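One structure follows; several queries about it will come next.
We just call them A, B, C, D and E in the order they show up, numbering each chain from 1.
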Amino acid sequence: MEKMNDKLQNTAKELLESKEVNLIIGFAKGSNPLRMRSVFITDPKDAYKISFNAHCVQDLAVFLKKPEVKKFGKIGIVVKGCDEKAVNTLIQEYQLSRDNIKIIGVECRGAIKQNLADRGEDSVKQSTVYDKCLACEVHTPLLYDYLVESDEPAFEITGDVKPYAKIEELDAMSVEDRNMFWQKEFEKCIKCYACRQACPLCYCTRCIVEKNTPQWIETNIEETGNAQWNMIRAYHLSGRCIGCGECERACPVNIPLMLVNEKMARDVFEKFGYKSGLDINAKPVFGTFDANDFNEFIK
Amino acid sequence: MENNRVEEDDKNAQNDKGNLSGSGSAKEKEPRIIAFVCNWCTYNGADLAGTSRMKYAENVRVIKLPCTGRIDPLFVVEAFKKGAKGVLVSGCHPGDCHYTSGNYHSRRKYTAFRDLLSYFGVDTNRVEFSWISASEGNKWVSVINDFTNKIKSLPDSSDIFSKQ
Amino acid sequence: MARIGVFVCWCGSNIAGTVDVKRVAEEAAKIPGVVEAVDYKYMCSDPGQNTLRKMIKDKNLTGVVLAACSPHMHENTFRKAAVKEGLNPYFIEIANIREQVSWVHEDKEKATAKAIDLLKMMVEKVKRNKPIEDVRVPLTKKALVVGGGISGIQAALDIANGGVEVILVEKEPSIGGKMIQLDETFPTLDCSSCIMTPKMVEVYQHPNIKLYTYSELEDVSGYIGNFNVKIKKKARSIVEKDCTGCGDCWNACPMHKNVKSEFNVNLSERTAIYVPFPQAVPLIPVIDRSVCLHYKKGGKCQKCYDACGPKCIDFDLQDEIIEEKVGAIVAATGYDLMENSLYGEYGYGQFKDVISGLQFERLLSASGPTEGVVKRPSDGKTPETIVFIQCVGSRDPEKGVPYCSKVCCMYTAKHAKLFAHKVHGSQSYVFYIDIRATSKGYEEFVRSTMENDGAIYLRGRVSKIYEDNGKLIVKGADTLSGNQVEIAADMVVLATGVIPKKGSDKIAQMLGISYDKYGFYTESHPKLRPAESSTAGIYLAGMAQGPRDIPESVVSGSAAASKILGLFSKSEYEVEGTIASVNKTTCVGCFYCKRVCAYSAISKEEVKDRNGNVLKVVANVNSGLCAGCGACVNACFSKSIDLKGYLDEQIFAEIKSLAV
Amino acid sequence: MKTVINEQERRNFASEVESKLHDKLAKCYQCGKCSAGCPVNFEMDYTPNQIIKMTELGMADRVLNSKTIWLCVSCNTCSTRCPKGFEVAGIMDVLREVAAKRGIESKTEKEVQTFHEVFLDNVKSNGRIFELELVGKYKLKTKHLFRDMFLAPKMIEKGKLKMHSDKVSNINQIAKIFKDFE
Amino acid sequence: MKLAYYPGCSLKGTSFEYETSLLKILEALNIEVQEIPDWNCCGASAAHSLNHNLSVALPARNLAIAENNGFEEVLAPCAACSSRLKTAKHEMGSDDILKKRISDSLEMPYKNSLNISNMLEFLLNIAGKEKIKSLVKKPLSSLKVASYYGCLLVRPPKVMKFDDPDKPVSMDELVALTGAVPVDYSYKTECCGAINSLSKPDVVMALTGKILYDIKEHGADLVVVACPLCHSNLDVRQREIERKYAERIGLPVLFITELLGLAFGFSPEELAIGGHMVNADKILQKLSN
């Protein structure tokens, strides 16, 4: 880890000193050593604060949408492979210019589930990391200006690992049972929109829920309105969500939102062969079409 | 602020609801079906069914839009929320879109949207999609009749968008 | 407060026979906002319209709903009537209770209930209508034609003869395109240059046509009626106004026999300063700087300059950018032939006497390298047996393209025919898969090649060509007799497939028009708008759209021209106001709208503060280009774009009115 | 020649071939390039393109009893040059396999079929080819005892015909492969 | 990189000259290959003619053994063997179910990761032109050599992915490296009839005869091949063809490895050139002059 941190800090320092960027967003140790927090560095002298370990769960790309961050112009950001896909998507969707961002990619071996970390877990294993890490295809970020390699070995995956196994279970259920499942989940929703706030790709300055002519979503907290919000969120993120899992982590009532996001991602891949966040020059799946697209459900 | 005038009318409309429901008198044994159709192909196909005096089930209410590309999947959710038992989306056949590609874009979105509906426990038998050209009056009739029969055969829905 | 008038039409008994029109009107009157609801026997009749106009005036209506026949029947009738009373035409809505109710249902009770529902929907919609103004776009009455082949020439002449100024841009040093390279044309066998040259000269002399040859399109911006184009006039190294085309310069050039002639498809040579062919228009030479000794050897050679009487050669001329403003554009960029070298089994490039169809045209042509005598490229001998192979590259998804190139069946028949006429006692064999001869006189032409000119047609493809003792051994199949056949030929002519001109995709991107996966420009509608591109104000002509023959190319050139003359016949271009508009405050500029727009109607607009700093980039709808389909509205996550006449709010109101 | 097409039989045969071939018969547009380049066409009773069409029409008897399918030497000239990318050589394999499965013995090209069978038997029992045994068994089966006999002495002299061969030692595995895929 | 060697049945039998010469030049090139342990027959044409799945499973066993022994690259000098190995790889690459069935049947894990090279590919890509050229001690400049490719080295191109199927050049390039003059002729990729050698000798003689007479006409001194089946048709059957068409041919047929061996300075005995049916003494003499 020390080697990694040295490289991270040096890179950050150089970038700030050379004025190539005005701000670096990274991770720093919090008061609890097993919880990492985000840190915003403008002074090269503070670069030593930056650090990385298996507790760096947050997707820092979420800050790139904030006006108070945007005003810095050229920004450097520390990203894991999964989070970097968010950066790609932001570039793809014109929310960020490639010229204005320096991507400091870190090779990530997996992030430890925060609830376990809070109980003192500190080792990266199949049983301690998030589901997204088990299915991770981007331990090394796809796009970066600087790469900080991990000095940890990759953890072993043994047996038949099925991340998000619940999806298959849901798929196998009857419609009524799925309805029951989600009704229970969405009943809990308090429409706090934390899922939206935590999402690096929910960057609209005026969200559709805030539009009242027409009222797309019931504002009060009742079942159909809750479901409607969750529906719209899922629909707006399908083909875009890069699976960082921040929405689910942010949800105060523990709705398993990644089961929705991941399902849509699989669906889009199955139907259109598209995976989000891989290529800044790719046409987004719902920004284009193919004359031979899936047509079977249409009479 | 943009629409005071209308909001006011709406309130009145709600108050008067009981009085003016022409359809209300049938006490809604008949399921309501909303059809979102494009102006160029399906709407004309339905017109053709009319001029040919073909007969079909009365349950459908057509909402005309310029193109399937304009038919937002979220309209479907809204229709369910407002009590529709079935929703039909229909437009020009692939390759025939008046606006070149509206139906292609729409098809992609509905492919994903339909799966999402089903995943959330909505019976996808309640949403129907069809390509009906301006010359397919007979297809319009059979799609409407088949869909109406299908909807009638389904149990009362209790999915997350239909609960009142 | 809305003041809506409702009219329920009987349409004689057409509606009233099945729908209780009185009850519909009664129910309508109860809808909030409806000030009066009446029923009338025939709303579309003059008295019906007068009733409508009277109520608009008397009751000071802000909106009208007619429960009547399909809007596709009389919407315009009623809109016009409304306009006469000063009401915005888009405040007329129609509930279709004839085609969708009375004609298709029998149960009067249910039909009436449905009619009431449809009417309610429209009342709720009209309440939320906003005044829409039709868009008027000023027109610059000048046209640009890109490409100086037969279709481009035809378009330019037709537009110019209609009294409109035309700019014709051609990439090559001369206009004429591929057609001027052809010998005689099927099925009438009139000589191509005899019918083409006068047209080329007419273009040159036409007072309304400004011709830029050796020039390329550099940039296009703007929209229908108002395009700004930049044309790069490449340096010809000749002061054009002084040149007389006398030929002293190219006769003096020491670089003769060094460069392959493009015009003769590599069958002859040309000089470094050259005109591509003697009838070139303009008859002004150009210096090919990539081979000219003056440029290659530091200015030492200037033999052409010395020979030139008027001293119009200027070695230092530079490329020039010309800016023009035009109102409409014709894209007629033409075609290329596929690379025959893809077919290793046919030995093109390896065996000198395996040539392309276009090369054979040059061998047949009196202005060609052999002055019209058919000779083998290898040894100059006159061939006695020629094998023609059709579908080389066409209908071949593995190595070439899957489509049919359309002209090869006919030109091969022509080649076999002309060869029989030129070389007595000669023999042609034609390998074909299907014969496509579907225009006037075509089938007869092919039959006569077989029956009168003795060409033997074999139904099958050729698998391989070998060389053996100066002969080409062609190994093919005749599937009709079920035989493998070998023919010893003196020469083999490949009917090479047609592909879009190299670089035509770049021009399409510049123009913002769409093209298919092969690169052919796509029509706005394949049947009903075949001359229009997907972008308003840009029209298509010739082979750039897909394989076609000369008459079809001429027709398409004329069609594009007539579209433009029609457009220019009005003082302004008018489009329906039901187009998209952007809420620039809430737009975040993700440009999904731009991605899904089939009309390139959405552009990026910078929002700046007082000091000119860019605050953000948002979408902007170009009203001249928007066709009003609404695909952008669906693509918008934050619902910052909406479609006039079909606002989200209106659709929601319609749905809500149906709430049960 | 006349053929009455029985739609059910046509479909059965065509789809059996298509599913084994992983390709569609309708792809072929009968240009004949396969037959044009086929090195053994001169010996065949039907040209390759005819075989494809006949298969599509369900003429199973004629196709499976044809000389063509056994004469094909799998040189792949046809598949390589086919403008539609159709597996022409592949369909010959499929038809041979179908013929063998149906127990159809070629009347005219018995030698080819027998050679393949003897060859596979040889592989099955040794794991590798023992050439002398292969040739011997083939000759016994076809009764062409003396064909090519004059070659033998010189080949033995040159050391080309070995008198023994190495077998695969894990011969059970070979047997298992044959069992699993036969 | 660990290089596996799949000899195939012919190289252990009728075409022993191929193996002998091949091992010699690999030694000279300082390339070490290891025979795949307990390899089995690829099934050749018989398997794919009678049983598609077997035609994939038989070569797959060899690939699986090689893969599980840590090899990354396989040399299959026999054109037919390399074709079957490559086809098996191609088939399993597009048919996961079959791949799994085979892997289950073999009771071995299998990733389908090996790269397979035929002789020419191996020489050009793995040994490299430079190295071959540097080893040429006796340029064969007096010889005119026709390269005969046949079918299976280049066809079908989507599986073989090697050279141009209609205008192949790889063997001619190797010939040129030895200093010999490559001879161009028409029937480079025509089929010799290969698999039907025993069962349809008349057909095979017609096909092979056409090729041999064409080569002869173009003035070649000898033919080189990279396939034991081609070799046996062109070499073993040559006398018979001469008799049948009553015209002498007298073209020695060498393996490309033998030609390279001669250029590297090995003696004909070291390369087992004496094992051929058509006597090569005349050209060997021409060389020593």
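One rule holds in what follows: a contact is a pair of C-beta atoms (placed from the backbone, for glycine too) under 8 Å apart; a residue touches a chain by one contact, two chains touch by 3 or more.
Please read these numbers as outputs of a predicted model, since none were measured by experiment.
Setting chain B aside while every other chain stays in place, the touching chains still form one piece. Common neighbours of chain C and chain E, listed by label, are D. Least step count on the touch graph, chain A to chain D: 2. Centrality annotation: C (chain centre taken as mean Cα position, compared with the mean over all protein Cα atoms). When every chain is reduced to the mean of its CA atoms, the largest separation from chain E belongs to B. Chain B has its Cα centroid 36 Å from the Cα centroid of chain A. Here the CA centre of chain A is 45 Å from the CA centre of chain C. Centroids of chain A and chain E (each the mean of its C-alpha atoms) stand 54 Å apart. Annotation: 58 Å between the Cα-based centres of chain B and chain D. Multi-chain contact residues of chain A (touching two or more other chains): 213, 216, 286. In chain E, 165-166 are the positions where the chain touches two or more neighbouring chains simultaneously. Of all residues in chain C, those that touch two or more other chains are 345, 464, 596, 635, 648-649, 651-653.
Going by the touch rule set out above, the chain pairs that meet are A-B, A-C, B-C, C-D, C-E, D-E.
Only residues 3, 5-6, 8-10, 12-13, 16, 19-20, 22-26, 28, 30, 32, 34, 43-44, 46-47, 49-51, 53-56, 58, 61-67, 69-72, 75, 78-79, 82-84, 95, 98-102, 105-106, 109, 141 of chain B touch chain C when the two sit together in their complex.
Looking at the complex, you find that chain E touches chain D at residues 9-10, 12-16, 38-41, 43-55, 57-58, 61, 101, 105-106, 150-152, 154-157, 165-166, 189-191, 193-196, 198-201, 203, 206-207, 236, 240, 274-277. Contact residues on chain A toward chain C in their complex (touch as defined above): 93-95, 203-208, 211, 213-216, 236, 283-284, 286-288. Every residue of chain E that touches chain C in the complex is listed here, in rising order: 164-167, 186-187.
The residues of chain A lying in touch with chain B in their complex are 170-171, 175-183, 186, 213, 216, 223-224, 227-228, 230-232, 234-235, 238-239, 260, 263-264, 267-268, 271-272, 285-286, 289-291, 293-295, 297-299.
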